[in-house]
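Across the two complexes that follow, subunit A remains constant while its partner is subunit B and subsequently subunit C.
Entry: the complex of A and B
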């Protein structure tokens, strides 16, 4: 059965199963948890590896490169940490050191931004490292094991990096199959260094200085080794499929075999794309559509991708880049695909449009993919399109915004004629009906909402469903209001990793959240959905009043979770809330779930289990005897109407705007 | 801080309270042929760094261990690995300029992992990191201090020639006061290097090194004893070698001996060592050389054209002398115990 793991945890398992012998680390958000997990294992004696508390990413990279010459080594990093490593990573590639990296992709700033995009991965693309993009925890775990297999192949011997989008990948809890160690051992034999430093009979010098001729010969060989990785990746993926039943290649083609319209991208954002693609597939008036989810970014499988596009008869290709190529004509992925098409298909290839999105944690949502297919359709029909990249969700490109007047006049003068010929077609943009159940928890950081959501995820998986829990992330402080979202998918035949943001249940861990002007807790709650509040002193009626629910068909329930936990002497209310959730939402039945909780609840176990049971039994939608007096808290209208000043929509003066000086 | 103890004895010191037995003096090994760097290296004529490296490698090889050298970018790397390797039976890992200690750390971890797997015996190998003063005092300082703080077992050697010689003689953290370098030129307004040099061994001790020692290739017996001690003592050991650089110091190529001697007699290079007892955090300092006669710093400035500017400014020479006296004051207890007058005024002729 699958184990509940976050992307970082899956990466840690990847390193553990690969029997990494040296693991130096320097933590950086969002990939910290991977290194934390490995430290925990090593300190508990569960994993035999030499860990090093490095004082910087630069040193951590130096250490894997040094150790990687003799033993299997790896580390994890993100963003600026990776940029700090790049200085030495070129030595790993130039020195033929097959060490491994796990990258939780994150923006590189400035402005400083801790959320996801591919800027860091793009920044390292010229350092000679094999770059694989994973889309979820399972792919991450499997790719790290395969990564060592590819990197240590004698025709390759290069470092590799497995990329996973920050937070929505690294912090997303879902069911991950952990392969059995002995099977991995058979797939991935022990690392044998060809030139170890510790063989006195065979001394060796690494990092020698070469003059022009041997240097260029060495570099040519290095390039050849990287090209070999293309073929070896395919082979490693096939053999992995034979052993473990999950197949991997250069890319994944999701959708119609014959697809006029294709959207290409890297990594985790494909989750939303998959939902949109399946929604559009076979719709009346829509030609074949497909999502090209590229896994191997470097070495770029140019020929294979070009052939796939040719086979599919693709007319228009829209490429989504979650990062920039400053000063370049097109962003990196678009550039590579354009080159591939030009080289292998010439004029017969599809037309390519580039889209930039997903920057700095921006979500690439399902409707964005619909719009990208819409754009592809416009292009396929022969309408003119912009050679420069389009921007998702910025008031520049009418194809991605509702109204033309949202576009800056300057841009309109430049591109207006082109855009007038672009149509936003209803058949592409029809709303996608929710296919999943979704639960949102509003809690205060420190209340243990993530723990309970992860527990619920495990219980749901045991019940045979696919679940995904994504906690909110950012610069949370203890006591701040945070959200934790859980998705349930009842279709066994396919994975869904993209939220519709239509909640079946909304849970408030703290009744004061009802008063928060920033959190409109009823937003997105489905008709007939349930609102569950932890309160010992507010009545259902009062809650309806505070929220102004009116005649809306919403069930409101309360649970005195704090009172329950106090009674049991528990510090956290999360276990009682977990029990209450089962009462409100019965698609994950309580009885079998309890069996799961008996094995997995945090300590003190007996009390936690009792809290779950009491939470379940004391949840009610009736007016019940209050244990405390009803709150006298009154909130002025002024407070309720207050909103923090939001400057996020303002941008720095740019060439697009008239800047008045003086 | 740590408790400070002084060794009464002045001179080369094969004993260590951290070791069960004293290390051997070079002659005690009898007739064993050892090689340092093999011929063909591209070092300058009169280079002190090459001699230092040779003596280091010979001393380490005398102990019978396999030497794995993690070397930083700099003269030492460039002149020994260009299209070939002059390291003979030493395994060499050159990575980059800033990360010698981190590379050393990685190799120590690899040795540990191999030992855990039963592939090698950890005692059969000595891990040594070799970098210049630029790679130790400046760009590599973070990695070095962190390596010491982690307490890993290895030897780190700083070949100190007091500036960035490989890139064209720019000032470093080890450049003495008043020196003319290409980034601290002796100008009409600003006269040479205005900073006082730092001392890496002080930093290393503060970070928690087990053993630190300053040596010079002129007194090779002393240097080789120190290298062997560093290899034998558990934990991070840091050595610093005085490395004459005719190119950067603008000195003649045949005065290696004289310059070093002057450095010792004027006390601008002090030979000493310090070893740490961890449980009580006590550091025992040993002075390995005390000049019979204290020469004034002006003598040291004579042979090196890098000091040509400051020679004409008595106040600068005086300042240089003050720096030396301030540092020499530390050894007052040892000197007095040996009946040596520690004050410069009393001894300078």
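Entry: the complex of A and C
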């Protein structure tokens, strides 16, 4: 039975099931929630561990090393926090201390950016840590358990890090199977330290100073142990599959067995790639296509990957890196793959092109993968291509050029000849028909939209569907307009984690959002889709007028959620909106979902349940003639009073005057 | 005329040292009931971890392990070869876990993780570091009643010889680097105990050495 967990929650469960005994941490976005969850469990007594509020990531890393000498230890971090840890993490690797890290991958700046890319993971690649890239919450949970198994293997004894893309991974709520603790205990035996501190029978010194002669020998041993991790990862994954039914290896090959065109990448962005690959598979005029989703990045399974490419008869490989190479010839993944191909396949290997994308939270979307497959096809045909990386989503430097004057003239002088021979092919770029149902919520931060979307996700999962909720996170403060997206997939045989951005339902938690010039709420709404507005005074007709819906086939519904919540004495409207969502979108039936809500709604339970029921019954698309009394909760009134998106710089002088008046 | 008596400053909790002229007398410290022997309690047991053993094929062959099917283990180890190791964990004398694995090391004389097993350190000749020779005169040494020099020696170069009355300390000339710490810390202010280049305590030498 799957439980709704965000990526961070899944990581926390990974540590909990691995029976981590010491968990020092210093919070950093986007991996904070993992540490918060663990310290809550430890406080409640659900987990027997020591948590330490470290004064910095440097201390947290030092503490996992100190603890890892005697007990099982772990921590979570991201971005600059990881960079601050790297100085110490080399000691973990050199000292042979098997501790674990969960990394919510995030850009490292400057400029400051809190969103996802692999820069932090790439920065740590020379610190001797085993690096595993997970693509979703489930894989994160499983990989942490396997990580301890690999790290504590007597032939390895090294630290490991499980990476998950920030926000789209760490903050995406989805169904995660939590294995039973007894089964995990059988898979992962208790920690035994090889050289414990505090063992009076055999006192030891860790990390002694070594001069050149023993130092180089020590490093030789360390490298031998790290390369063993390659083989052990495969074994640990197989044993995991036997016990839990989910198999993991060095990499995942998605698509055709014989694939001329392959796109390789790390981690979560593969979900969009999977959709694009399945769309292109078997299309007329398109050779075999496959996605190479690499799971083990360090130690790099070079031989295995080269063999897989050889078996598939790959002619062109496009490598997507979500990070930079900073003076290197190619970005890290592309560089590792090129070396692997050169070493093991020599001239017979596929041609490799590198693409940089997904930086600082940029989405890598299905269209991008279509472009990359197109590029691979051109390369396979023998067209010239750039020896330096291509970039995604940069108009001045696109992969394919339609018009010469659209690109940077400087680049045209350099790559014009190559660009002229690279053609965009329609067969690769055909639009992907939406296969899923998607719901978008526009709300103001603080209104509880995430809570209701996660509740809806839970109810859907309990009814046997695959759901995914990805809230938008960022620099918003309370009262700003944010979006929360939910994806419903009715093909249970395969997971889909990638949004098509074609909404079946759009929900406005606040009718003032209708007036926001920056949010065109009808954008992306499907033909025949529904728009649900929480309003107590606007009629359906008025809303149609405001949005200029015209003859478009859009159902518009309203629900007086504020009035419902006010009547029940609730502070938030989210429960009423949850009920209303069921009325608008009936593919997740309301009656069976109630059973889930009865167990899981936030307190006060009775009132919340009543709000869900009232929200469901009071939603309508009928024109109501009687004028409703405008009803507003205090929270909403605050939002209404201060709507930053309406304010321009001119509104500030009044504040200045107040300052001057003292 | 009775000579002036002086009690030496000492870390010894049970005995005290009284100096009368050139003689030192040792007696029970007042209010002390002698060293108490404490049996390890239950709570002590959890405080310490038990190191596992890692054995080579020869070690297993020489000393069979209770609770393990030794021939089977040996066969499995022989399959791996000379690099085979047996990991045995027996926290309370009973084997709770064992595993046969191939030693990942390439250079076998170096422990993984730059770990040094402190008691197995091989002695090294560091006498070349010294500029002076240090020697403990057994006539002045208080033996096992004091032991301060042995505690403070950073090189573990000072060892107690003998037991009880007549015991004395000795400096290992191979291990002593000549750091002067014992000489400074000696409870007898090195009066006639630690000799440097054959000389006893000498304010001139001290001033020269410490720049006083």
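A few comments on the model shown:
Rule of thumb we're sticking to: the second predicted complex is superposed on the first by the 616 of 662 C-alpha atoms of A that agree within 3 Å, B and C clash if a C-alpha of one lies under 4 Å from a C-alpha of the other, contacts with A are read in each partner's own complex, and residues count from 1 in each chain.
As a convention for this text, contacts are C-beta pairs under 8 Å (C-beta built on N, C-alpha and C of every residue); 3 or more make two chains touch, one makes a residue touch a chain.
Since we're looking at a predicted model, the values are computed, not measured.
Overlay on subunit A: subunit B and subunit C clash in the combined arrangement. Once chain A of one complex is fitted onto chain A of the other, the partner contacts of A:194 are limited to subunit C, with no touch recorded for subunit B. Of the two partner chains placed by the overlay, neither subunit B nor subunit C lies in contact with A:212.
Of the two partner chains placed by superposition, subunit B and subunit C are both touched by A:204. In the superposition on chain A, A:49 makes contact with subunit B only, not with subunit C.
Of the two partner chains, neither subunit B nor subunit C is touched by A:110.
Touch criterion met: A:88 reaches subunit B, while subunit C stays clear of it. Of the two partner chains placed around the shared chain by superposition, subunit C is the only one that A:157 touches, whereas subunit B remains out of contact. Remark: of the candidate stretches 95-103, 113-121 or 203-211 in subunit B, the one overlapping subunit C after superposition on chain A is 113-121. Within subunit A, the residues touched by subunit B in the first complex and by subunit C in the second are 70, 196-200, 203-208, 210, 214. Listing the residues of subunit A that touch subunit C in their complex gives 70, 94-97, 153-157, 189, 192-208, 210, 214, 217-218, 220-222, 224-225, 228.
If you check the complex, the residues on subunit A that touch subunit B are 21-22, 24, 48-50, 52-56, 58-60, 62-71, 73, 87-88, 91, 196-200, 203-211, 214.
Of all residues in subunit C, only 47-52, 54, 85, 87, 89, 97, 99, 101-102, 104-107, 109-119 touch subunit A in the complex they form. Note for the complex: subunit B touches subunit A at residues 66, 68, 70-71, 77-78, 81-85, 87-96, 98-99, 101-107, 109-114, 116-117, 119-120, 124-125, 142-143, 145-146, 149-150.
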